[in-house]
Amino acid sequence: MEKKERLRAIVEGSVFTGIIQFLILASAVVFVIESDRQQLEVDPYATHFIVLDVVFLVLFSIEYVLRVYIEPKKRDFVFSFYGLIDLVAILPSLFLVPGFRVLRILRFLRIFRIFKATRFILAVDRLGAALREIQQELLALVILSLMFVYLAACGIHFFERNAQPEAFGSILDSMWWSVVTLTTIGYGDVYPTTSGGRLFTALVALVGVGLIAIPSGLLASALTEARVEREKSEEGEKEDEEQED
Amino acid sequence: MEKKERLRAIVEGSVFTGIIQFLILASAVVFVIESDRQQLEVDPYATHFIVLDVVFLVLFSIEYVLRVYIEPKKRDFVFSFYGLIDLVAILPSLFLVPGFRVLRILRFLRIFRIFKATRFILAVDRLGAALREIQQELLALVILSLMFVYLAACGIHFFERNAQPEAFGSILDSMWWSVVTLTTIGYGDVYPTTSGGRLFTALVALVGVGLIAIPSGLLASALTEARVEREKSEEGEKEDEEQED
Amino acid sequence: MEKKERLRAIVEGSVFTGIIQFLILASAVVFVIESDRQQLEVDPYATHFIVLDVVFLVLFSIEYVLRVYIEPKKRDFVFSFYGLIDLVAILPSLFLVPGFRVLRILRFLRIFRIFKATRFILAVDRLGAALREIQQELLALVILSLMFVYLAACGIHFFERNAQPEAFGSILDSMWWSVVTLTTIGYGDVYPTTSGGRLFTALVALVGVGLIAIPSGLLASALTEARVEREKSEEGEKEDEEQED
Amino acid sequence: MEKKERLRAIVEGSVFTGIIQFLILASAVVFVIESDRQQLEVDPYATHFIVLDVVFLVLFSIEYVLRVYIEPKKRDFVFSFYGLIDLVAILPSLFLVPGFRVLRILRFLRIFRIFKATRFILAVDRLGAALREIQQELLALVILSLMFVYLAACGIHFFERNAQPEAFGSILDSMWWSVVTLTTIGYGDVYPTTSGGRLFTALVALVGVGLIAIPSGLLASALTEARVEREKSEEGEKEDEEQED
């Protein structure tokens, strides 16, 4: 039992964590290089990459088994957010089927573990709490945005379908314009050319700018409230201490 | 009377609401598919679509009659926000005139009913209250933005009319550039090429970035105040309870 | 003296104000139409426009004289913000010199009077107070942004001058890219193509997104403070009243 | 010793500071003009520029020596933020090696001294304190953004590599698209054309808009808290004064 405790101290220590983070980054870099090779259509390193892949797979599998072993509540860990990510990260490679190999990208999700590091834990907690506080509003906002994407697509389709049938001929195609305009990305591959379409775009852009302003306002208020409360509770503790004196 | 109450419970229940929401979404999907067919200039399904349209019309009409029937204050419902949307959604189809058929898009507005769902009602209320709190500011901001669109168009027209007469030859045409630049969309179909025009654009972009920052700041302050007040009233209630004890 | 008071009531009344606002808008519309005519290079309406111009000039001049006449503190009005705008709006037309005619655009600035309307006065006051509260920060931010525009231009010039000498050959030209990128407009007329330039752009874009976030954060905090104080003073008044009872 | 004090008063006085700020701006302007000359490939002013360069070098070196001389704690100054900038600004020119001449750009960093001016010092302090308050959150956000850039690049590479191998053939190339899309710049040089790629872009854009909203929300809450605290301490001081009375 004590051995388990010692193993646990090692696995959760900064050296082990650092090595794992390095391996995750390394596997991401390898993934990038491999995709570059495929582009060049010269693939003399293919064997090397498969070897590397197997190495990563073995290492991450060992780590996963270790993590499950040291955990007192094994079930809770396996079905926790980070536990599932760890499992998903090794599962696809286990099959080594060519079509599934692309799923190695999921391995990179493990990098999120970095936010369990001591220096970020408070900041991430605070942000996470604020986001949870406004999750209903954000969900409603996402639904509202999807509606606006649809309505804007219908509108621009009506104005531009005759002038530019290849870009605005169907509502589905027009939705691409909706997304690019409402998010103010504006690639410039599709844009209205008729007067009516341009006037409508001005309206849509106004709504888009308004929609984008909402999440930052929501977050600001939730974070401010959290700050004020934290302070109050700190003051309350101080006063309690003073009364005890 | 009791029968009416039971009917009311059904119509406002989650099953009926779910079915209606599904029908609204379905009619939106049908609308999209139909517009795709028109693009392909093959329209073998035309009859199917008209049949579907009549089905949707009949179903939504029945629902509307039901809603009016179960409502104790019929007049209030008919002229309420959701009541008017419901009416507008079935009226155009009643005529079935080809030119009016495009108005079926209005039917989709009924999807806004989703925000009357229990899980969103608080979030939407809070957001709505904050937006009402700052409505004068937002209206002033919209007017200010329209002024800037006009002034920016006059300015760029002055700088670029000689270099690019097809894009900036008239103030009306230049307004298109104003909108695309002030909202930071930047499609890239029109942009200044002279030094004066570029310098002016830098100024306009600065104003644009500033204008976009205002709504999110306004919303943040209104939401924060609402939060602080809600908390106060909760504390007040607590204190009252304590005093009563 | 009483006649002056009655005149004052008329001039500051809603009917007179409405007519003036309409005239300002009308003169803006005429300005737009005139610029359109010039584009078409047919100018059969030229005489009409000059007549209209003289009419606007006469009407605005009469209004200006009236405003000065009814004002008890004439000097204060003439040198006030709105007084100067009113003067500037009629001065250029007085000369009727072709080159100066473009200055009629200044007439449109008078539309800002709309923000003296009762329904906006509170909202505009609140926004103005908040902006004054953060004016030092905003000024510092503008200077900081100008520095970043310069530094980003130097950087991209270094990376891209060989690959795209026509767009990034000089720092002055590169500044155009800086402005378009830092404000996230992204027209797409100039963009980096080298790896170094793209990496540098990623950095600049990160800074740009950060800079844009600052004004809305500043405004939110200033508006929140103003709200909290307003509420406190309202509560204070209530308490005073209660104590008096 | 008194002479040193008098010298110190001069060096830190507004006249001397103004001259130095002017020289820094002048050296930036010279740098811009020189880069323009190089573009024209006529360089008849080359000697003039080298002379000017030497003049700037001598003046800034004298200033640096003066600043070190008047400082009581010389070591602290040399290794302070502004001290290091001052040193870095003259070092590259000292070598006068052609390759190093580009480093004269660093000289411009000295313009940041402007934020030590009295009128900005409070505003910059407040902003700086708020940014320090949220630095952990901002750092986490930068890391999160880099992850999203990588993940978005992998995704779009998967969807578009066959349709547009030159732009999305490798993950490294796809990252350029990630940056341009997540920051909503949208140059328009690369954009998805397949349905899958466009749907994925909609998702990425949603995340991008959300990420951009976070820093302004964070800043707003930190600034609001700082304001509330400042006010409290001011009130506290007032109350203390009243109690003393």
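Observations, loosely collected:
The first chain written gets the first letter, and so on, giving A, B, C and D; residue counts start at 1 in each chain.
In this section, a residue touches a chain if its C-beta (ideal position, glycine included) is under 8 Å from a C-beta of that chain, and two chains touch if they have at least 3 such contacts.
Keep in mind it's a predicted model, so treat the numbers as computed, not measured.
Taking the mean Cα position of each chain as its centre, C sits at the greatest distance from chain A. When the CA atoms of chain A are superposed on chain B, the rotation angle comes to 90 degrees (nearest 5). Our note on geometry: chain A versus chain D, Cα centroid distance of 28 Å, whole angstroms.
The centroid of the Cα atoms in chain A and the matching centroid in chain C are 39 Å apart.
The multi-chain contact residues of chain C, meaning those touching 2 or more other chains, are 184-188, 212-213, 216-218, 220, 222, 224, 228. The touch graph of the protein chains shown is complete.
Put simply, chain A touches chain D in their complex at residues 28, 31-32, 35-36, 38-39, 102, 105, 108, 111-112, 114-115, 119-120, 122-124, 126-127, 130, 142, 145, 149, 176, 179-180, 183-189, 212, 215-220, 222-224, 226-228, 231. Those residues of chain D lying in contact with chain A across their complex are 134, 136-137, 139-140, 143-144, 147, 150-151, 154, 157-158, 161, 165, 169-172, 181, 184-188, 191, 198, 201-202, 205-206, 208-210, 212-214, 216-218, 220-222, 224-225, 228. Across the complex, chain C meets chain A through its residues 184-188, 213, 216-217, 220, 224.
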